[in-house]
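Next come two complexes built around chain A: one with chain B, the other with chain C.
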Partner chain A sequence: MTNEQLIEHLSKAYPDEVALQGNQYPEITVSREILHAFMQNMKSDSNLSFDYLVCESGVDYPAFLQVVYHLESTTHKHFLVVKSNTENRETPALDSVSDIWPTAEFHEDEIFDLLGIKFNNHPHLRRLFLDETWGFPLRKDFYDDIHVVER
Partner chain B sequence: MGIKKNKEFEINDFPILDQYEGGSIILTQLDALLNWSRANSVWPLTFGTRCCAIEFMAVGASRHDMARFGYEVARASPRQADMIIISGSINYKMAPVLKRLYDQIADPKYVIAMGACAVSGGPFFYNSYSIVKGADHVIPVDVYVPGCPPRPEALLYAFLQLQKKIKREKNFKTRIKK
Partner chain C sequence: MAEIIEKFITGDEIKTDEYLVNMGPQHPSTHGVLRLLVKLEGEIVHNVEPHIGYIHSGIEKMTEALSYPQVIHLTDRMDYLSAHMNNEAVCLCIENALQVEVPERVKYIRTIFDELQRLASHQLWWCASGMDLGALTAFFYGLRDREDILDIFEETCGARLTLNYSVPGGVMFDIHPDFQRKVKEFVKKFKKKIPEYDKLLTGNIIFQNRTKGVGILSKEDAIAFGVTGPTGRASGFSCDIRKHHPYSAYPYIKFDEKLGTDGDSFMRWKLRMDEMRESLHIIEQLIDNIPEGDYGVKMKAVIKLPEGEFYQRVETARGEFGVYIISDGKKNPYRIKFRSPGFSNLFAINHIAKGWKIADLVAIMATFDLVIPDIDR
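Showing the complex of A and B:
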């Protein structure tokens, strides 16, 4: 499917969510309640069949945190970018997609370690690189005067 | 300059040999022999954490050969090594490991800090939460090699400086104490 066909298909299927053309790939912003069902559809729908989660990363905005998923289909060769916001910065929580794409286990461990977003239904959420004495270093308001020399 | 004069500021560990005329020459030559043999056979421990390890491998390969200086084999076990070349940056997670490896090397042991990250934290000195700002916060360093990464010739120069440092050591010679 081309980008325009993808956007049309998604807008028809999910009229509440905003689907538009980003810089390179179509983007869609999904609310966190239907995130898991949406991802399940993306994988199992035979027209779309996004079977490859390329990358999952977290973004820090002033009022909330966001997780961005890059999906690719190896059969149809199209891409999609899915974004999903958390409620607030104090208790960020999203549904885990590691039962759909197993690679998401490590990606979500890393996001939890460095940004602090908890994922529900994750098999074993743990701190990969840092330990409990560190905060969340990739947040914009991270301050640590022991280890960091500011410039 | 006899040894028996000015007793208040010289100590001598081998008083018997020094009573005889010219006895201290034996100690000096023994010292030179020991230092020469130690300096020409210093085996490094394989310890490369980052990009400088590639340059270290280049020094060990055939074009810039480190075997011709005696730094022949890079041992994997610290018990069999004489020195450690810190090539690469040290995390806060890696620092206790480095200290443990350094403690396991038997005396006499030497350390070369290779590359900007090991010398002072390098490009990660500002605004980095995870890199130790210089390997000499963890273990004592003998020779510092600047560069990012240093040329293989720079590392060979560091080997020569280390050899000069070893040849200055005094084990048997009279030690002057003030």
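Showing the complex of A and C:
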């Protein structure tokens, strides 16, 4: 599908969510309640068949945390960016997609480690790079009082 | 006593308890500080749990305090064997965001450097994986010939490993006057070397027994685990970014995307060997046709990206490398995420190593071509 067709298809199937053309790829922001069902559909729908999770990244915004999924279909060759926001910054949580794409398990470990987003139904959520004494370094309000020298 | 013996003997097989072995962080075949917690029963691998982070340097956090040209210098510390490709990815992302069209000459130079870098990386990979499997001679052959490529790099950009040659809008300096001649000489010389490597290892019966049929990764699993690069292509996953989303001078040239079928360690080996031949083929098409012109366009002293999100994918020697920049219009990025190929590739190892012997795990790791700073970032 071309980008326009993809956006049209998604806006028809999910009228409550916002689908638009980004700088390069079509983007859709999905509410966290339907995230898992939406992703399941992205992979199983034969017109879409997004079977390759290219990249999963966490982003810190002032009011919430966001997880961005870059999806590609190896059969149809189209690309989609899916975003989902957490409810707040204090107890951020989203549903895990690791049962849909196994690679997500480790990307989610990384996001949990660096941003502190909890993933529900994740098989084995653990800190990947850092140990328990660290906070969540990729958050904007993170302050490292051991390694940063104030001038 | 009889009870204990009975516990271990079921049917005709003698069973022992499962036990844990730490492979790494200081282990020659992990090529860096990677720790694998291996659950073994006798010699049979039951589970592999990678523990990473020993060389985590927080590059993504650091970029938030740096300007865009400074970010480029951090990227070649990640996958140091694909330094130029990583630099190029960030440059392309910045150029796309600012809608800067770079001169044709720059595209050609960048692509030649990409392929030379790929050759250098595959060189180090093939000789080091020979060493992992016990063939030490290969190591000297590989490093000897890799030196020629590094000399060419050194002459043009002053560095051998962390090149820092690409800058937004072009390359840092023009190529050395001897560059074309030396590359042509190298290609001619190197063409004769590859059959030599094949004689050394590919045709070696011990090597074949160690790798054929070992650690089979199916195409479906390769896609599901996001395994890209030569490792993914050996399983038949057509994932060459150079082919599917061409950048720089790749749209102008003809080359084949090599695809394997078996997905075993030997196929991963053979595919990288074929890729080296293909890289030579690409360099041959470009080296005589470098257009005259500027080696860069003038960029503003302070580069500010427009507000928005930008994603750039390139093919490094290890697979798909992605740069995801979120900009809020300031001179430093709001957030940069690097999608490193090694990170996704590493976690497929547990899936395919189960049931193989611990020596086969070394063969699997060797043919996965892991670079640890690329995984840890």
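As a convention for this text, the second predicted complex is superposed on the first by the 149 of 151 C-alpha atoms of A that agree within 3 Å, B and C clash if a C-alpha of one lies under 4 Å from a C-alpha of the other, contacts with A are read in each partner's own complex, and residues count from 1 in each chain.
Note that contacts are C-beta pairs under 8 Å (C-beta built on N, C-alpha and C of every residue); 3 or more make two chains touch, one makes a residue touch a chain.
Given the structure is predicted, the values throughout are model-derived calculations rather than measurements.
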Contact breadth on chain A, by residue count: chain C or chain B: C
Partner chain in contact with A:Pro137 - chain B first, chain C second, else both or neither: both
By the touch definition at the top of the document, which applies to A:Phe129: first (chain B), second (chain C), both, or neither? both
Chain B versus chain C as contact partner of A:His76, first or second or both or neither: neither
Could you look at A:Thr103 and tell me whether it touches chain B, chain C, both or neither (first, second, both, neither)? second
Once the shared chain is lined up, is A:Val148 touching chain B (first), chain C (second), both, or neither of them? first
Those residues of chain A which chain B touches in one complex and chain C touches in the other: 129, 137, 142
Could you list, by residue number, the parts of chain B that touch chain A in their complex? 92-93, 125-130, 133
Taking the complex as given, what residues does chain A use to touch chain B? 129, 134, 137, 142, 144, 147-151
Chain C residues touching chain A in their complex are 52-53, 56, 58, 60-61, 96-97, 223-226, 237-239, 244, 308-311, 313, 320, 322, 324, 326, 334-335, 337, 339, 343-344, 347, 351, 376
Chain A residues touching chain C - in the complex, by the definition given at the top: 22-25, 51-55, 57, 59-60, 68, 70, 74, 77, 81, 101-103, 105-107, 110, 114, 128-130, 137-138, 142
